[in-house]
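Order as written gives the chain letters A, B and C; numbering starts at 1 within each chain.
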Amino acid sequence: MKHTIQKIYIGLILILLYAPIATLIVLSFNASKTRAKWGGFTLKWYGELFQNEAIMGALTHTLLIAFLSAVIASVIGTAACLGILHMRKRTRTIFLGITNIPMLNADIVTGISLMLLYLAFGASFGFSTVLMAHITFNIPYVILSVMPKLSQMNYSTYEAGLDLGGSPAYVFFVIVFPEIFPGILSGFLMAFTMSLDDFIITHFTKGPGIDTLSTKIYTELKKGIKPEIYSLSTLLFLSVLILLLIINLKPDKRKEMTAQ
Amino acid sequence: MNNRRSKFLAAPYALWAAGFILIPLGMIFYYGFTARKGGFTLDNITAIAEPGNMKALILSLILSLISTIICFILAYPLAWILANMKFGKGSFVIIIFILPMWMNFLLRTLAWQSLLEKNGVINTILSFFHLPALKIINTPYAIVLGMVYNFLPFMVLPIYNALEKIDDNIINAAKDLGANRMQTFSRIIFPLSIPGVISGITMVFVPALTTFVISDLLGGGKILLIGNIIEKEFTQDGNWNSGSGLSFVLMIFIIISMILTAKYDTSKEESAP
Amino acid sequence: MPNKLIDLVNISKSFNHTMVLDDFNLYIRENEFLTLLGPSGCGKTTTLRIIGGFETPDAGHVIFRDEDITNLPPNKRPLNTVFQKYALFSHMTIAENIAFGLKIKKKSKSYINDKIKYALKLVNLEGYDNRRPDSLSGGQQQRIAIARAIVNEPKVLLLDEPLGALDLKLRQDMQYELIRLKNELGITFIYVTHDQEEALTMSDTIVVMNQGYIQQIGTPEDIYNEPENAFVADFIGDSNIIPGIMIEDRLVEILGARFPCVDTGFGHNKPVDVVIRPEDVDLVKPEEGTISGVVTHLIFKGVHYEMEVMANGFEWLVHSTDMVPVGTRVGISIVPFDIQIMNKPESEDEEAAGVNE
């Protein structure tokens, strides 16, 4: 009885979370060009999607920025964690405090502040300004997921590596890196996701020449969304869903095996 | 030891944080206190008192407060149920809530238009059951719904993490010492989950307070929140000074809300004799 | 039996189809320091959790002073637990932790304050009232966990491997502390551990468990000197366990040689297990021993030397205060009283079941 109520509750929340997504997937098969009417089932938009250069361009920018910003943030963030670990407590507190700013601050304020910075230095708005903005808000996600792994790690294993004759760099890559890798990976994925989903900061830091999917959608909101966008989103969503299913089926098997 | 050298691994980030976090905030500060033609002024800050701006700020505060409360009420039981299901490591739970983010934020919010519209999906279903139609699109209600929908995961995840960390033996110890279920919850479980609740509240309240997209999409463009006003200052009016001034005021509200929540956290701990 | 305080009657419990306790029976007397001793997975912690009310048995009853408390939730039971990793409430001060149970019972403020003072004094941590659990060492946290339990004046204190996380020196100190506490409080302690030394030091009664069955119940002396089966002999201290044949009463054949012993009633030419403690093996001149062999290993252990002697195809473990160099030929002689004869289990399962008639 109690469990039924719990399941119903989870079910309702999941409906709330996924209803819009189901709606968008349905819209991607809608033959009618407007959201308001159902014009029958079609796969037309999926075909046209790949011919639409504006959308494909925005997609490329989005993925490229997400990937590059997540990679760069992972490198800078992981290095920062290693450094922060060896700092005195007060310096460490200051560092982590500053790291919290982009996470806790409003996106609109972060976006505007970066825009003002670029303006002040006369930077030309475009791909690189967006990229740098994304790196800025991505680093904290990396630090937040790498830091706990690193402080959990037994420092002696690193020293043991040195003791056995490894150079610091060698010991880092062979001993430390594998241990904190899960943290780096989840930080990277979080950063990638956040970059992909960002609109507000991109909105303020992009130039007129460049669009990501978010800003493209925003400009189209007024004119009416092109149905190809729905099919693109559906494809993106489903590919991530399938990827996650594959990844998550694997560790379960491993767990079962170790349990036995 | 090479610990001293290790510290310099943080140098790139230190430079980055200075250049892209601290200096930009300084810029807002600078523009906020500078008149358009140059020279120090408080006009950009006091502009918040103008009726239009004040109305938007108050509406923003009310809507984001309501959304935060609704998120909390929805999220706590959910996090509790999920934490008791013991998925181990919690990756499943995180995936469920992160996955929707792979569908663009704007599209997800836009989809609510389709769902809520006069002839939208929800009303079609309601009318099928001969229930009265829902007329909330382009009202503050729809904005609250959009906020709750978009920010609910930010409330669920920290609370879930806090609850999941509580050792079973802590709960057993409370029972062992005579606490019944209610007492165990109110004196042990809830206090231990407060850090999660606090970060959940800030992570919902701040974006809700400052959004301009949700109000744009679900408010029909007629309902202006403080975020909309700031956005307009920058993108339409090109008035960086007054935009910065308002942003500065907004930041003050964010900081106040953080202090209030943090204060509640510690006072709760220290008030007991 | 006099003063049965807790009686476990026909308790069975399984987790995921694995039987942990099967028709388990045990009673605990008032004022007793009883230790459940066994390797991990032997069911000792499950037994404790059933007494504490954190697990409900699949079958059987928990009787507390003639009252069936099997289905009573933990918060209604007149006993308290000290948990393995202390389980202190990290969001409360030490004083608040100790006051927790008393506040639930709505005791007066002055009563609570007195109790906190008394309990902190009892565990030698006066003045720690306003500290946080995180700021305390493992041993101190352990004392607080005990203080938190005993202020409620439980009839029984359950301790689940409470010293497991402490280092050796601290563990020894805490053992004396626990004995002192028990004597001062005059209540029943039920203690769970896998450490035989801990069990031998502190207990009035030891219950040796393996695979969900009781192997032996007795005083520390009984358990050490007269293990009832090979499992107990092996688990408690070092011992030589040698298969043998009981020729007749008071005479056993081991490794082809006949040793006089004091045991009777095993019948004629019955296969048995023979337990001889290493300190009971006397090394003599080769011609004086019942059998003879060569010393193969020698280690100095402080109080004694530990040696291994290869004799009649068996590696004998020997403790002696006299040093015999490796390679020396020695004779082995054993006083009849020091030879302990045990029935041989007929199958593996029987060994686990501890059938010993």
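The definition used in the following text is that a contact is a pair of C-beta atoms (placed from the backbone, for glycine too) under 8 Å apart; a residue touches a chain by one contact, two chains touch by 3 or more.
This structure is a prediction, so every number in the text was calculated from the model and none was measured.
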Listing by label each chain that touches chain B and chain C gives none
Most remote chain w.r.t. Chain A, using mean C-alpha positions, is C
Could you work out how far the Cα centre of chain A sits from that of chain C, in whole Å?
54
Determine the centre-to-centre distance between chain A and chain B, using the mean Cα coordinates as centres, and give it in whole Å.
18
With touch defined as at the start, can you tell me which chain A residues reach chain B in the complex?
6, 9-10, 13-14, 16-21, 23-24, 27, 35-36, 76-77, 79-80, 82-87, 95, 98-99, 101-102, 104-110, 112-117, 119-120, 132-133, 135-136, 139, 143, 168, 190, 193-194, 196-200, 204, 213-214, 217-218, 221, 225, 229-230, 233, 236-237, 240-241, 244, 248, 251, 255
Residues of chain B defined as touching chain C within the complex:
167, 169-170, 172-180, 183, 187-188, 191-192, 194, 269, 272-273
Which of the residues in chain B end up touching chain A in this complex?
2-4, 6-14, 16-17, 19-25, 27-28, 31, 74, 77-78, 81-82, 88, 91-92, 95-115, 117, 119, 121, 149, 152-153, 202-203, 206-207, 209-213, 216-217, 227, 230-231, 234, 240, 243-244, 247, 250-251, 254, 258
Chain C residues touching chain B - in the complex, by the definition given at the top:
52-54, 73-76, 80-81, 83-85, 87-92, 96, 100-101, 104-105, 109, 148-149, 152
